[in-house]
Amino acid sequence: MERLASIQARIEAALPEAKLALAANPGASGQHSLVVEAAHLEAVARRLRDDPELQFDYLSNVTGVDWLDRVETDKVRVKREYQGEEIEVEESVERRVPGYLEVVYHLYSVARGTGPLVLRVRTGNRTDRVDVPSLANVFRGAELQEREVYDLFGVVFTGHPDLRRLLMWEGFSGHPMRKDYVEPDDYEYEPTPHGEVAAKASRRYAKRGQP
Amino acid sequence: MSVEGAGLIRGFIETGRNLVGSYVDPRRWVTVQYPEERRATPENSRVYPFLVYDGADPEEGLRCVSCKICEKECPPQCIYIVPAQDERGRPRKHPAIFDIDISVCMSCQICVEVCPFDSIKMDQAYAWDREDRFGGLLLHKADLARPNRYYRELHPAEARVVDEHLARERELRESGVRAAVRASLPGSGEPGGGT
Amino acid sequence: MESDLRSELSRQGVMIVSLEALYNWGRSNSLWPLGFGLACCAIEMMAASMARFDLARFGAEVFRPSPRQADLMIVAGTVTKKMAPQVVRLYNQMPEPKYVMAMGACAISGGPFKQGYNVLKGIDRYLPVDVHVPGCPPRPEALIEGLMALQRRIMRQRLTGPERPRHLQAGEASELPVPTLGARDIEPPYHAAVWRPPRVARAS
Amino acid sequence: MIDRGGSRRDECEAGGEDAGRLEVSMGPQHPSTHGVFRMDVVLEGETVVRLKPVFGYLHRNHEKIAEQTTYLGSMPYTDRLDYFCSLTSNWAYALAVEKLAGLAVPERAEYLRVITAELTRLQNHACQMGFMLQDLGAMGTPMMYAFREREKILDLFESLTGSRMMCNYMRFGGCRADAPAGWIEAARGVVGDFPRFLDEYEALLATNEIVMARTQGVGVLPRDLAINASASGPVLRASGVGYDIRKTDRYGVYDRFDFRVPVGDHGDCYDRFMLRLLEMRESVKILEAALEQIPAGPVIDGKVKLRNFKPRAGEAYGRIEGPKGEIGFYLISDGSASPYRYRVRPPSLINLTALEEMCLGQKVADVVVILGSIDIVLGEVDR
C-alpha cells in the first residue's frame, strides 16, 4: 500500500492534472489498485512506462469487469427528537449506485522485476458512455486484449487501431460476458436437468409442446 | 559442420539408429498391438463413475443415499437424481432414478471427492462407442451399479482405506446404538450381554 | 451362399467371396480420416496415430489435409457455433461414401461446455453421425474401439436392396444445408431431417 | 515510436500495385494452424504483405461458465484451456485462488507441483518441436520421436492423477492425492532417460541444413517489440529478454533449485526452437533435484474446504511460468461460492499480438513455421 501511494505521488507530481485514487483490496492478496480517470489514462500509462524509477514496461493483462447497478445501504447517525429530547440514532439510507464497466490493467516491470501494478479505469455507465482511451499505442500487448474486452463487455476503446470483435462473429449482437446477458435458448434435449438448466429446459420443452 | 550436408547426414544416421534400434531395443519398440494386447491401466486411472453396492442385491445394496451432493457439485451437470419415496410419500435414503449422461461427463472425479458416503467411484472401462447417442450414452442406475468386489479389484489401495473407514463408522454407529439402547433401558448401568 | 459350403470350399483351397464383402472389406480397411482437429480430442487422435497406438494397423493413418480426399470425418473436439458452418461445409466437400465419427463429449453433446453461449450442443444437430465415441478426451484405445465399430458397421452394409447406404441411393443428397450465423444464435438451431431427439420426460 | 510493422508494410506495398495481389484465408481448417485458427493473408507472389489473424473458432465460454460454477468446479475446466499443459494451468489457477483466500501449501505438495509442472514443460516443448518440424515438412519422424517420449510422461501423469491429459490434480492448498508407491522412482527413470532423447533430437535436427535454412532469420521478433507486445515465455526469451517468472516471482519452491534461464540472440524461429531444447535440459536439472529433495508429509492443507469454498471479498492475480509463457488468472470474489469475475491471461493469444510483424515480407510457407515456433494452443487462444 505504501509503495502504491508513493507511485501515486510520483505520477501526480509529474502529471498534476491527472488525479489518481487508491482502491484498497479487502482480500488476502494485498494487491491494491490505482483508479485512473479515463481522460488521463494514456498519459499515466506512458509515464509509468517511461519513468526511469518505475519502468512498468510490460502490460501483462487487460480485462473488463461488469458492475451492475446496485443499492448500497449506508448507516448514518442522525439527530432526532424523541419525547422532547434530542438523541442520536442510527438510520440506514439506501443509495443507488449506477453500474459501470471497468477495465483492469496489470503492469509489470521486466527491467526491474517488480509488479503487479493494478490500474483501473471506469466508464460513465453501462449503456452509452462506455468509451475508454485505448492503450494499444503505448503497449502493443493491449491490442488483442482490448479487442476481447470490446467484444465480450462492450467497452469502446477510442484510438484503437483495429477495434473489431475478437471471439464472436461479425454481426453478433450483445456482449456475452456482461452479467445481464441472456443466453441463446438451445435446450432441446436435456436428459439430466437440474438447477437452472431444468428451468431453461422446461421452458424450451413447453415451446416445443413437449412434457 | 563446415561440410555442407553434414547435419543432414547426421540426422540420417540418427533415424537409421532408430530403425535398427526398434528391432533390438525394447525402449524403442513401443507399439502396443491394441485389441490383442492391452496395457494394464494404473490403479488411479479414471473414466466414468459407477455406483458401489454392498452385498448381493444391486438395488437394495446401493450405498447411495440420494443426498444430491454430487448432482449439485458436478461441474458439467451430467448427474440426475430423484430420491425414492416410501409408501407414505416420504423421501427414502435411496435413489429412485440415478442417471449419468456420459456424453457430457468430463471424467473429473469431483463427484467421487465430494461424496461423503463413498458410494460413487471411478470406473476404468473406456470402450463406450455407440451408434445411438440418446439411448446408449445415458446410463441408468442398473447400468451404473457395481459390487464392492469390483471396486476392490479396480482400486485395491484406495478400496482398502475406504473399507476400513466404513467398517470403523459402522462400528461406531452400532456401539452408539447399543449405548442408546442401554441408556433407554429402565434401571440400566450394568453392561448387558451384547446384542 | 451357405457358410458351411463356403468353409468347405476354402478348405479345398477355393476362396469364394461375395462382391459385397470384398467391397466392404476394402472400404473398411482404408478409411482415410480428414486431418481435422478442433480441440483437446485432436491431440488424442494424433497420439492414436503415433508409434504407441499406431492407427496404421487399421489402414486409417492417412490423415488427409483436404476433405476431397477423405472418407472419414473425425469430429475431434468442441464444435462452436462460429465453427459449425465450416464443419458442415467440410462435410459437404467430402466425396461419398463418407462417414462421421463424433469423438469426445463435446462433439457428441457439447460436453462440459454445453452451457456455453457459443458452443454447439452436439454435431449431430447438423450431420448424420455414424459412431459416437464418448470420453473427455477418449483414450486412444477408445478411439481405436470406435474405429473398429465403424469398420464393423461398414462390413454390415448391403450394396443392394432398400437398406443400402446413402451413397448408393440415387435420390439421396450427399450435401446438407449449411447453417448461418445470426445476430444472436446459429440459424437454424438444428436440421430436423438429421436430428430427432427423443422426448425426455423429467420433472423439473 | 512503436513500429507496428508500418515501415515494413509500406515497403511491401510500395513494391507492386495491386497487380498479382492474392488474398488467402488460411484456416480455420488447415493442417498447419494447430487447430481452428485462421489467418487472412494478402500475398504478392509468395510474399506476405498483410496478415490478419481471426480468432474465436474455439471460443467455448470458459470464463462465463466459470463465473456460474463454484471455485472447485472450474478446476477441471482449466485442464481444457491449454490441453497440452493441464497441470500448469491447474497450478496457475490454484495459485490465484490461494492468493485470493490467503492459503498456504504444504512443502511436499509444492514439490509435487514443481515436478508435474516441469514434466509438463518437457512434453509440451518436445511436442511443440515436433509440430513445428511437421509444418516445415518433416512429416512424421520428429513428431513420432516426440510423442514416444510424451507417452512415457503421460503414463506418469496417469498413474499419479488418473488421467493422461485432463489431470485435474491440484486443489486449493495442495494437491489432490499423494504420489502412489513407486511413482517417484518411475519418474526418476523417465527423467533419467530424457537427456538421451534430447541428444537424439539435437543430432537429428539442430545442425540440419534444411531446418537452419528455413528458420534462421525467419520471423524475427525484436527485443523491444517483444516486451511492448507482452510476449512471454520462450517467445520473449528468444528475443533476448531474460525474463522468467520462476526466477522473478519465485513462486512455489523454485528458489531452491539451481537452473539457468536460456536467452536467444536473434529472436528468430531457430532461436525459439533451440531455446526450447535448452529449456528442457534445465527442466531435467530441476526435476532431478526435486525428485531427490522431495520431503515426506501431507500434500494438502486439510482445513481448506472442498465444498462451499467461499473466499472473502477481494481480488487477486496469480501467474506462473507455463510452457507457453505467462499463464495467469485474475479473480474477483464477492464472498459467494463462485467468482464474480474470472479471467484467464492466455499466453498463446497474447504471443500472437506481433504475429503480423513477424510474418511481413516472409514467404507464405514461412508463416506456418513462424506460427509453429510461437507455439499456440487454440483452447487457450480462444478459451
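Quick notes on this structure:
As written, the chain order gives the labels A, B, C and D, with residue 1 at the start of each chain.
Note that contacts are C-beta pairs under 8 Å (C-beta built on N, C-alpha and C of every residue); 3 or more make two chains touch, one makes a residue touch a chain.
These numbers were taken from a predicted model, which means no experiment stands behind them.
Averaging Cα coordinates per chain and for the whole protein, the chain whose average falls nearest the overall one is D. If each chain is reduced to the centroid of its CA atoms, chain B and chain D end up 32 Å from each other. In terms of their C-alpha centroids, the spacing between chain A and chain C amounts to 45 Å.
Chain A and chain D have Cα centroids separated by 27 Å.
Among the residues of chain B, those in touch with two or more other chains are 30, 75, 77, 80, 101, 104, 106-107, 134.
Counting only residues that touch two or more partner chains, chain C has 51-52, 82, 112-113, 115, 117-118, 136, 139, 197-198, 202.
Contacts with at least two other chains are made by residues 167-169, 176, 189, 191, 193, 197 of chain A. Judged by the touch criterion defined above, the protein chains are all mutually in contact, each touching every other. Residues 51-54, 57, 102, 105, 108-115, 122, 124, 129-136, 138-139, 141-142, 144-146, 148-149, 153, 197-198, 202-203 of chain C touch chain B in their complex. Within the complex formed with chain D, the residues of chain A that make contact are 25-29, 31, 57-61, 63, 65, 104, 106, 110, 113, 116, 118, 137, 139-145, 148, 152, 161, 165-169, 176-177.
Touching chain C in their complex are the following residues of chain D: 28-31, 35-36, 56-62, 64-65, 68, 76-77, 80, 83-84, 143-144, 147-148, 150-151, 164-166, 378-379, 382. Chain D makes touch with chain B in their complex at residues 69-70, 72-77, 79-80, 141, 145, 148, 151, 155, 158-163, 166, 168, 176-177, 180-181, 193, 200, 203-212, 306-307.
Residues of chain B that touch chain D in their complex: 1, 4-8, 10-11, 13-15, 18, 27-28, 30, 41-46, 69, 73, 75, 106-110, 113-114, 122, 157.
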